[in-house]
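Structures given as structure tokens follow.
Shared between the two complexes below is chain A, which has chain B as its partner in the first and chain C in the second.
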Partner chain A sequence: MEGSGSMGKINELFASEIKVINMGLVSFAKDLKEQKINVIHVDWKPPAGGNQKMASLLAKLKGK
Partner chain B sequence: MSLGLEVRKGAYYDSVTLMRISKEVKKMDGIQEVLVGMGTELNKELADNLGLCHGGIKDVGPSDFFIAVLSDEDRMEAVVKKVDELLNKKQESDMGDYTPPTLESALRHEPSSNMVLISLPGRYAFYEAKKALEEGLHVMLFSDNVTLEEEKELKDLAKEKGLLMMGPDCGTAIINHVPLAFANVISKGPIGIVGASGTGTQEVSVLIDKLGSGISQVIGTGGRDLKKEIGGTMMIEGIRALAKDPETKVIVLISKPPDPEIAEVVLGEVQRSGKPAVINFIGSDGQLIHQYGLVPGWTLEDTASKAVALVKGFEIKDTLGISQPEKEIEDLVAQTAAGLRSNQKYLRGLYTGGTLCDEAIKLISSMTKDVYSNIPMSSEYLLENIHQSYKHTCIDLGDDDFTVGRAHPMIDPTYRLERLMREIEDDEVALILMDFVIGYGAHPDPVGEMLPGIEKAQDIKQKKGFGPCFIASVCGTDKDPQSLEDQEEKLRKAGVAVMPSNAQAVRLAMKILEAIS
Partner chain C sequence: MVQEKIQKANQEALEKILNGQPVLIGIGTASEVVPGMTKKSIFHAGPPVTWKKMSGPLKGAVIGGLIYEGLAVNEAEAVALAESGEISFDPCHHHNAVGPMAGVMTASMPVWIIKNMTYGNEAYCTLNEGLGKVLRYGAYGEDVINRLKWMETVLAPVLKEALALSGPLDLKNMIAQVVMMGDEGHNRNKAGTSLLIRELAPHIIGTNFSNEAKIEVLKFIHSNDHFFLNLTMPACKATLEAAKDIPYCTIVYTMARNGTEFGIRVSGLGDRWFTAPAEIIDGLYFPGYSAADANPDIGDSTITETCGIGGFAMAAAPAIVQFVGGTPQDAINYSKLMYEITEAENNTYKIPVLNFKGTATGIDIQKVVETNILPIINTGIAHNKPGVGQVGAGLVRPPMKCFEDALEAFVLDLEEKGAI
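Let's look at the complex of A and B:
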């Protein structure tokens, strides 16, 4: 299950360009963008309109 | 007085954006109080406390956005216009690019993404973090309010997949020299850090930079990683990765004292790495660390200094003094003590960094145990009312008690300024000690935000003939967007004694307290 070869996925990451997906505070994405880091900000909305009961039912339906 | 409410169903904005907008709107003419926020129970309670108890607010749901305003006359139209202007302006200037609605769509848009930074409300964070790990992505989880069980599940999954699961409640990381969330701009170098404490890790990385060395990677784990229930999973994975990393020559670990059996596992792992290491289990006696042939760091500064000594092949010695010439410090202490009246006896530490506050309390307790706090060394020194200082007090303003309904004080200094305004009116206060954490994620001008309080204290001093003295340290580098030099210069101009580290700022305060006792 570990990453390919003897290196491991964390060490592979150390040798790669960081490409970030940001979910939440838009200021974190803005900071990365300012530094010319590849970042994509998710325009996230609470699932099931913020209704937690409904969100958890949906998650169960999706098998997560 | 006029009370206005505007509700928009199903519109989501993040808490920092909304906090900044609230602050802007509050500056408008005729506005007494305003709250621009999502309709969470917490925000509704906060609106109530602020006197914004509009009848319609109870029907607002957590996915609804609302603006509640108390003003001298009906100014709702102007406020809504201003809020829209600010929201639109922010979106344009922040992210002009495509912003997909879900993690899956982001990944379809950018399939080579390898890191997900999550700062969503805690109750949603677990689900998104788990999804990210399942997609094979490394995760940094800034959010708190994630349960221990959820943390364990996430970290076990990450370990199985060989991925980083930094957090929950992970405030800082620097991966491949990219600062994530709250982090400073640090030179490249051979020191790899795994840290379970946010500002502690920032302070060590900053001091390594000041000492002319640099870092390879900074891996954050979140504060609970070394608890028995989690088992140090991410710290161990971090050590293993740094062990294999050719750029890392020296390893540094920073954490509150772990559960003893976890400490043994972690230290064993470092020993097996074969790389020299400095371990700062904040406040521990270092005995166990010595047993594993590793170097204990006594303060954050001492940790940084020993790590740099290991890199440069210097003798390993304790750095537990003040770097300025002794005579200079003696004069400063004598001069400060002479300006204080006999009833001015107490120190008030107003901290935004939790580990920096903890370090201050531990250092001062070698002189006097009577240091009251919201995070005291023992429960008898727990403040009865956290909003009211008592005798010597050091408070961690970033603790959950203070951040309910508002952003962290490193982003929003409002409460610290209010608190400072009260401390300077207290005739028994001799010294005010403050940290200023700069870097990415932090406020664009933390010193500037506190200057009104410091200047008011100087006015009071002029009028009354006495007042408190200020000591501060700035956690940051000259490469940070706020610039260390600028921030320090502003403090000096305002008459504040600026020290090069938190430990040294605390030591200067202790010397002055000693001189007046």
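Let's look at the complex of A and C:
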């Protein structure tokens, strides 16, 4: 069955050593660290810190 | 594509900045060499500001400047004259000049003359008075005025003759050396001042002045670790001025503060200032003072950061953290972060601890707004009342509004021209 095949792969993944790259909320990375999982948090922010007006001005200059 | 035009313009600006060759060619009197200087002019740091809106230290320096020029005999007369409208206040930056802290320059003051040998433009700056109760921090007591007179009648003439004997001094080369020696050229100028003494001492001895005058001059420079600041600043000014007025260019060529407002100017937007209220500095205070005594950010000295030294080169000057706060690792992190908002690595100013990587140079308003990372500035803190002087030093950032307003104006300008 298709479902059991996917589950099999997921189980296989979790049975191996997990290495995680986390983007977004830093709390996800912290939780994993507490469980001794190798995790790298990417310090990502939306363009212009989420200021839509500024993001739209930048987009005009980039021809987007 | 407009982005291609912007990239080309920014590359042109960086080429001009990196190819600049600031050289100290002499000393002159402001009224004779600084364009637009008159007996009733007061040039000051930062963007334009009226007497009414000036902060305490700038008002104090104006009072001192008027007394020094003999236009007033005391504080009351100086204030009345400043209020009368007879005095012409204007930014140093509008006259190819820069001034640390209050940055007050008046007609009789001696000024360093720096020439950008690649592009032929000149920049000017007064000579540094030392720390504590000095005019640039808004002090105007008798001792301050007497020191300024001594600088005019002894220090400057001796140095002028010494420079005539030594010939021009290559400041780009000297700044490159001092960054290797643990200075960053804004708040740490110990190596630069020492190097300057080494360059000039034999020629000071060779002048025709009395031994007493020569000793006074050498002792004065030796007593003031910031003496070289007033050379790094006009060196940066002469360098950056060559990169202004390039159409489509988003590189910042001026950052300056008058103690009330912080202002920036962008190459592709000409002489327009983009201002916002100046920030309070996060720093270390001298004994007896606290943040309650601090004036908001003031001075043209952030021309150093605009040119890729100062706060941008803090990794090269770990000892500075004892003066401005933080740890040596913080200094390294600040310098590294600045590559996110700049166009190039400097080809001359290199940081040993970063494997001799060139300092982050050429602030791009697009990158500042996009990353939300502001330039890092290390600076002195002036007391908020006239006449007191310096109370500490620390770190500060410009207001984001300056960069956002500049970006908005830049887009509007291109839209009006039909370029986007």
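Just so we're on the same page, the second predicted complex is superposed on the first by the 32 of 64 C-alpha atoms of A that agree within 3 Å, B and C clash if a C-alpha of one lies under 4 Å from a C-alpha of the other, contacts with A are read in each partner's own complex, and residues count from 1 in each chain.
The criterion applied here is as follows: contacts are C-beta pairs under 8 Å (C-beta built on N, C-alpha and C of every residue); 3 or more make two chains touch, one makes a residue touch a chain.
No experiment lies behind these values; they were computed from the predicted model shown.
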Partner chain in contact with A:Ile18 - chain B first, chain C second, else both or neither: first
Chain B versus chain C as contact partner of A:Pro47, first or second or both or neither: both
First, second, both or neither for A:Asp31, with chain B first and chain C second: first
Chain B versus chain C as contact partner of A:Ile10, first or second or both or neither: first
Per-residue touch tally on chain A - higher for chain B or for chain C: B
Where chain A meets both chain C and chain B, residue numbers: 45, 47, 49, 51
Residues on chain A engaged by chain B in the complex (per definition of touch): 1-3, 7-11, 13-14, 16-35, 37-38, 40-47, 49-52, 55, 59, 64
Complex contacts: residues of chain B adjacent to chain A: 10, 12, 14-17, 61-64, 90, 93-95, 97-103, 105-107, 109-110, 112-121, 123-124, 127-128, 130-132, 136-138, 142-143, 160-164, 175-176, 178-181, 217, 237-238, 240-241, 244-245, 247, 411, 440-441, 481
Chain A contact footprint on chain C (complex, rising order): 1-3, 6, 250, 366, 369-372, 404, 407-408, 410-411, 414-415, 420
Partner chain C, residues of chain A touching it in the complex: 45, 47-49, 51, 54, 57-58, 60-63
